[in-house]
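Here come two complexes built around subunit A, the first alongside subunit B, the second alongside subunit C.
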Partner chain A sequence: MSSILAQLLLNGLIAGAIYALVAAGFSLICSVMKFMHFAHGGVVAAGAYFLFMFSQWFSPVPAILLALVTTVLFGVFMDWSVYKQLRKRHASNAVLLIASIGLMILTTNLILIGFGADVKTIPLAQHNPVYTILGARITLIQVVIIATSALLFGLLYYLMKCTRLGKALRAVADNNAIAQTVGINPSRMYLATFILGSALGGIAGMLIGLEQNLYPSMGLSLVIKGFTGAVIGGVTSVHGSILGALVLGMVENLGIWYLPSGYKDAIAFVLLFVFLLLKPEGILGKRFERG
Partner chain B sequence: MSFLELKNVCAGYGALKVLNNVSLRVDPGEIVVLIGPNGAGKTTVLKSVFKLVDVYSGKICFQEKDVRALHTHDLIQLGMSLVPQGRQVFGSLTVRENLEMGAYLTQDNDVVQERIASTLLQFPELKPKMKDYAFALSGGQQQMLAMGRALMQDPKLLLLDEPSLGLAPKMMQTVLNRIKKINEQGTSVLMVEQNARQAVKLADRIYVLEDGKVALHGGKDILSRKEIQHIYLGGR
Partner chain C sequence: MKLVNELFFSLIFFIIVSACSQNQEMQTQSVPIKIGFLGPLTGSQAVYGQWGREGVEFANASNIKIIYEDSQCDPKVGLSAFTKLTELDNVDGIISSDCSSPTIAYGTVAQQKSIPVIVVAANSPIISNIGDFVFRIRYSSEQDGKALADFANKQGWKNLAILYQDNDAGRGYAAETKKNYQGTIVAEENYVLASASDVRVQLAKIQTRNPDVLVVLSQGDDGAVILKQIKEAGIKSPLLTSGTAFPQSTIAAAGASAEGLYTTVGMYESDQWQKGSEFKEKFNEQTGKNGAYFVALGYDAANLFSQIATTCGKDKTCIRTQLANTKLYEGASGEITFDEKGELITGSLRMRQWRNGSWNVVS
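Let's turn to the complex of A and B:
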C-alpha cells in the first residue's frame, strides 16, 4: 500500500471519528425528540471554546472536566429555554427545526462576541509527538481522537442495548405515547437525551479543538457533516449514523486523492443529495409503519 | 364500590370535541365491553382515561381517586394498563425488551424476570421469539406481545382496544380466550370490540357508544334489540 493511500485512509478515519461523534449525538436527539437539533453544532463549538477558556486557567484534567460539564449544561439549557417552551405550546416539528437553526446562529454570534472572530488554539496540545504507521503519520492527539471515539461508541452501544435507561430511550424514540403508558416519564427521557447528546457533542468539540484551530462558525460546518453522516447511515439509527459518518470521513479524504482538497465539502454535499434522493432512510435506518 | 368510573366526560383532540358526556363504570372483577360503529369515539374513551387526549370536563376516577390531574406515566402505578388499538408494540425493540418495558417501573430485575416467565406461561407463542425484533412478529403475535407487555406491571384493570382487530377467526378466538383467563385470575377488563358477537359472550356488561355518546348500556340482553342487531352485529 502506498504511503499516500495509507495517509488518506488514516485521515479519513480521524475525520470520520469526529464526524461520527457529532452524528451520534445529533441522531440520538433526533430519534428521541423527533426533530433535527441543528444547534447541536453550537454545542460542539461550545465544547471547543469552553475548553479553550478553561485551559487558560486550569491544568488539563480539570479544564476538560469543567468544559464537559459546562457544555452539557449549555445543551440542556437550550432544550429547557427554547424547545421545552415550544413543546408546551404544541409546536410542530417544523417550528422546532427553525428554532434550532436560530439557536445555531445565536451560538455562533455569542462566540463571536465572547471570543472574537480570530482563530484560537487550545494551549493544551503543545507537546504532540508524531508516530508512523505503514508510512502514514499520526500524531498523539489523533491517536487520542480515534481511541476516545471508539471507547465512547462502545459505551453508547452498551448503554442503549443493555441498560434500563437505554431501553427506555429507545422505547420513547419508537413510540412516545405507548412509552408513557408503561410508565416512562418523557420529560426525564428528554433531559437524559440532551445530557447524553450534548456530552457526545462537547467531547467531539474538545477533540477537534485539540487538533484544529477554533473559529466561531465551526459548529455549523461540523453539524452539517454530522447530519450528512446521519443521513447516509439513517438519521434515527444511532449506529447507522456512526457508520455513515465514518463513511463520509473516508470518502471525503479518499476523494482528494483525485480532486483538489477544496472539493471536500462538495463531496459531502453530493453524498448528502444522493442519499436524500435515492435512499432517504439511510443504510441502517428503517421506516417503521404505524397501524 | 366501582373500580373505574367516568362521569360526564367530554374529551377530544384540541378543538375537535369527540366525547359528549360519557359516563361508564367498571366494577371489580368485571369484563365490560364497549361497542359502537367506526369513529364513535371508543378509542377516545380509553385514551381519555390515559390522558392521551384532551379531557375538557367530567370526572375520571380509579378506585375513588381522581386521575385527571395525573400524567399518563403515573397511571400504571395505580394498577391500570392499556393495550392500545393496532398492536402497538415497540417495533425496534426485541420481544424481551418489550416485555421488560412493560415492567419499567419495577426496579428489581429479579422480579422483572419472574414476571417475564409467568407472562410466557400465558403467551407461550412468544417464547421462541424473545430475541426477535417486535416488528418482525406476525399480527397475532404482536397482539399477544402488546397484551403481555400490559400484564407485566400486574394490573388490577386492563383496558383493551380492539384486541381481535384484523386477526383470523381462530386467532381472534385465542385472544379472547386469553382475555377471559386473565379476567378469571382477578384482573378487571374494559374492552373495546368491533367484533361484538364474539366479545359479548365474555361480557358482564355492555356499553354501546354512538357519535360520542353512550346510546345504550346494560347486560348481554340489550344485544337482542332489533336496532342494535343490524348496526353493530352486521346482521344486515
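Let's turn to the complex of A and C:
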C-alpha cells in the first residue's frame, strides 16, 4: 500500500509540475496585464511543435534553444499584433479576453494546417528509462520536468523579488499609474512580461511534448488546467499559481483513487468552483480591484 | 393561310417545348448531386475527419459535389453543421467520417428527414438501430469487441481489465467485449478525452487487480500516450485493442511502448484485399501518404454515392434503396454488402501482434 501511496503522490507531483509550468506563465501575464491570456495555451502548444520541427533538423541543444526563441517571438507577436492594438483603442478586459480565446482557436488551427491532425512524437523522447523510488516508478523525462520546474520557479522567485526588472513588474502589477510616476515605462514592462511568460510557456510546451506527445488541441486542455491551478493558488500571484497547480495535481490524482476515474475533471472543477465562491483571490492572491 | 399559320406556330411551340424538356434533362444529368461531409476536421479527433476527407477527395467523383463541415467530434456542433448542410445547402446525402456521439445525434435527424447517411468512422452499436437511411461501411464495435473477447477466451486468460474512453464509442467497445468474455472482469476504468494525457491513477488501480490481460479501448490521439504510460507503470499483462482505435499513426507515435500489442485486423489492413493493396499503392504514389483504413472508407463512400447518383439523381429514397441493395461492391476497403440494419456484412476479424516494427497475424 505504501508503494501505491508513493506512486499516487508522485503522479500528483508530476501532474502538478506540468500544470504549474503552464500556470506560472499564465499568472505572470495575468497579474501584470490584468487580463486572462487564454492564448497562453497556444504558446505552450507552439513550444512543443517548434521543438518537434527543429528536432527534425538539429541536434537537441540547438533545437531546444531555437524552439524557445521562436516561441518567445510567437508570444510577443501575439501581444504586438492583437493585444497592443486593442490597448491603444482602450479596449476593456472583456474584449481582451475574447481576443485571447480567438487567438487560442487560431493557433490550434494554424498548428493543424502546418503539422496535420495526427499525433506527433518528439524524436528526442524515444529513450526514456524508468527509475524506482520508494516503490514508485518515475521516468527520466518526469525527473527532468520536476527538476526544471523547481529550478525555473526558483529563478522566477529571484527575478521577481531581487531584481530591478522584477520590482518594476510588480510595481506595474500593483498600480500601473503610480509605477509610471516613478519612471517605469509600462509598454516595456508589458513586453518583458510577454517575453518571460512566453518563455515559461515555451519551456512548459517542450517538456510536456517530450512527456505526452503532440496534438493540435493540446494547448486548450493545458491552459484550462493551468487556469484552474492559477485560480486555486491566486491568479494575481505567480507563486500562488504554482502552489495552486501542485494542489490541483495532487487532489486530482488522490481523488480518483477513491472515486470512479471519470470524476477526474469533475474534481478539478469542483475545486475551481469552491475557490471561486469562497476564496476567489485564491490561496496567495490579492483581490482584483473593481474599477 | 390560317391553317399554315397554326401549323407554323404549333411547330415552333413543339420545338420550344422539346428544347426546354431536353435542356431540363441535360441539366438533370449535368448538375451534380450534393453530398455533405461531416467529421472532426479540428480538435484531438481530427485525424478521423481528415482521413475520411482525404479518401473522399481522392475518389474524384465528378458527378457529386461535396460540401465539408467540421463537427469537432461534438454532438451539438455536428448537429448544427448537419442542419446547415440539409437546410441551406440542400444536400442529398451525408458522408459521416465522424465520432459516434455526433453521428448518433445527426443520424437520428437524418433518418427522420429521409436523408441517406454513409457512416465511415463511428463504431457505436447504437448506430445500427437508428433506421433504414443509415448505412455503415466499416466493421462495428460489436464485431470488434467480440473478436477481442474471443481471442482472450482462446488464450485462456481468466482475468480481464478494461480501460476505455468514456464516450459512445468507448462504452460500445467495452460493452461488447464484456458481453462476449467468458472469464472475470477484474477492473473497469475509464477516462474522458480532456484528461486522456494522464491515466496513471487508472493504471495504478488496474495494476492492483493483477489482470491476465488488459483491453485498452481509446480513439484518436490518446492511444500513444496511454501505451507509454502502461509501459512506464510496469504493467506486464498482454495488451489488446481494436485495430481501428489504434491506427498505425498511433503505433508509430507510441514507439517501443507498442511492442507486443495485439489488435483486431480486417482484410484491408492485413493486405489480404487486392483492391485495397492497389488503392494503398496508388494513394501513396499520388499523395506520398499511407492510405489508412479510414481513407479507403472515405474513398468508398464517395464512390458509392457517385455510382448511385447516375441512377437516382437527387431522389433520396432511390439513393437509400440502391444503398440497401448494394451487394458485393468491391471497394478499396473491402467487399461491401449491407445487412437489414445497414451494417457491413464482414467475415470474422483476425488478431495481429506488433513485434519488432511489423505486424504478425496470430489468429
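Note that in this section the second predicted complex is superposed on the first by the 283 of 291 C-alpha atoms of A that agree within 3 Å, B and C clash if a C-alpha of one lies under 4 Å from a C-alpha of the other, contacts with A are read in each partner's own complex, and residues count from 1 in each chain.
One rule holds for everything that comes next: contacts are C-beta pairs under 8 Å (C-beta built on N, C-alpha and C of every residue); 3 or more make two chains touch, one makes a residue touch a chain.
The structure displayed is predicted, hence computed values, not measured ones.
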Partners on subunit A (subunit B, subunit C) - clash or fit: fit
Partner chain(s) touched by A:Thr181 [first = subunit B, second = subunit C, both, neither]: first
Partner chain in contact with A:Arg170 - subunit B first, subunit C second, else both or neither: first
Subunit B versus subunit C as contact partner of A:Glu281, first or second or both or neither: neither
Apex subunit A: angle to the C-alpha centres of subunit B and subunit C, given in degrees as a multiple of 10: 140
First, second, both or neither for A:Trp257, with subunit B first and subunit C second: second
Touched subunit A residues, subunit B compared with subunit C: C
Overlay on chain A, subunit C to subunit B nearest C-alpha distance, Å: 36
Contact residues common to both interfaces of subunit A (with subunit B and with subunit C): none
Subunit C to subunit A touching residues, read off their complex: 41-44, 46-47, 49-50, 166, 189-192, 194-195, 197-202, 204-205, 208, 220-221, 223-225, 228, 231-234, 249-250, 252-256
Partner subunit B, residues of subunit A touching it in the complex: 164, 167-168, 170-171, 173-175, 177-186, 286, 288, 290-291
Of subunit B, residues touching subunit A in the complex: 50, 52, 71-77, 81-82, 84-88, 90-93, 97, 100-102, 104-105, 135, 149, 152-153
Contact set on subunit A toward subunit C in their complex: 4, 7-8, 11, 14-15, 108-109, 112, 116-121, 126, 128, 130, 137, 139, 212-213, 215-218, 221, 224, 253, 256-257, 260-262, 264-265
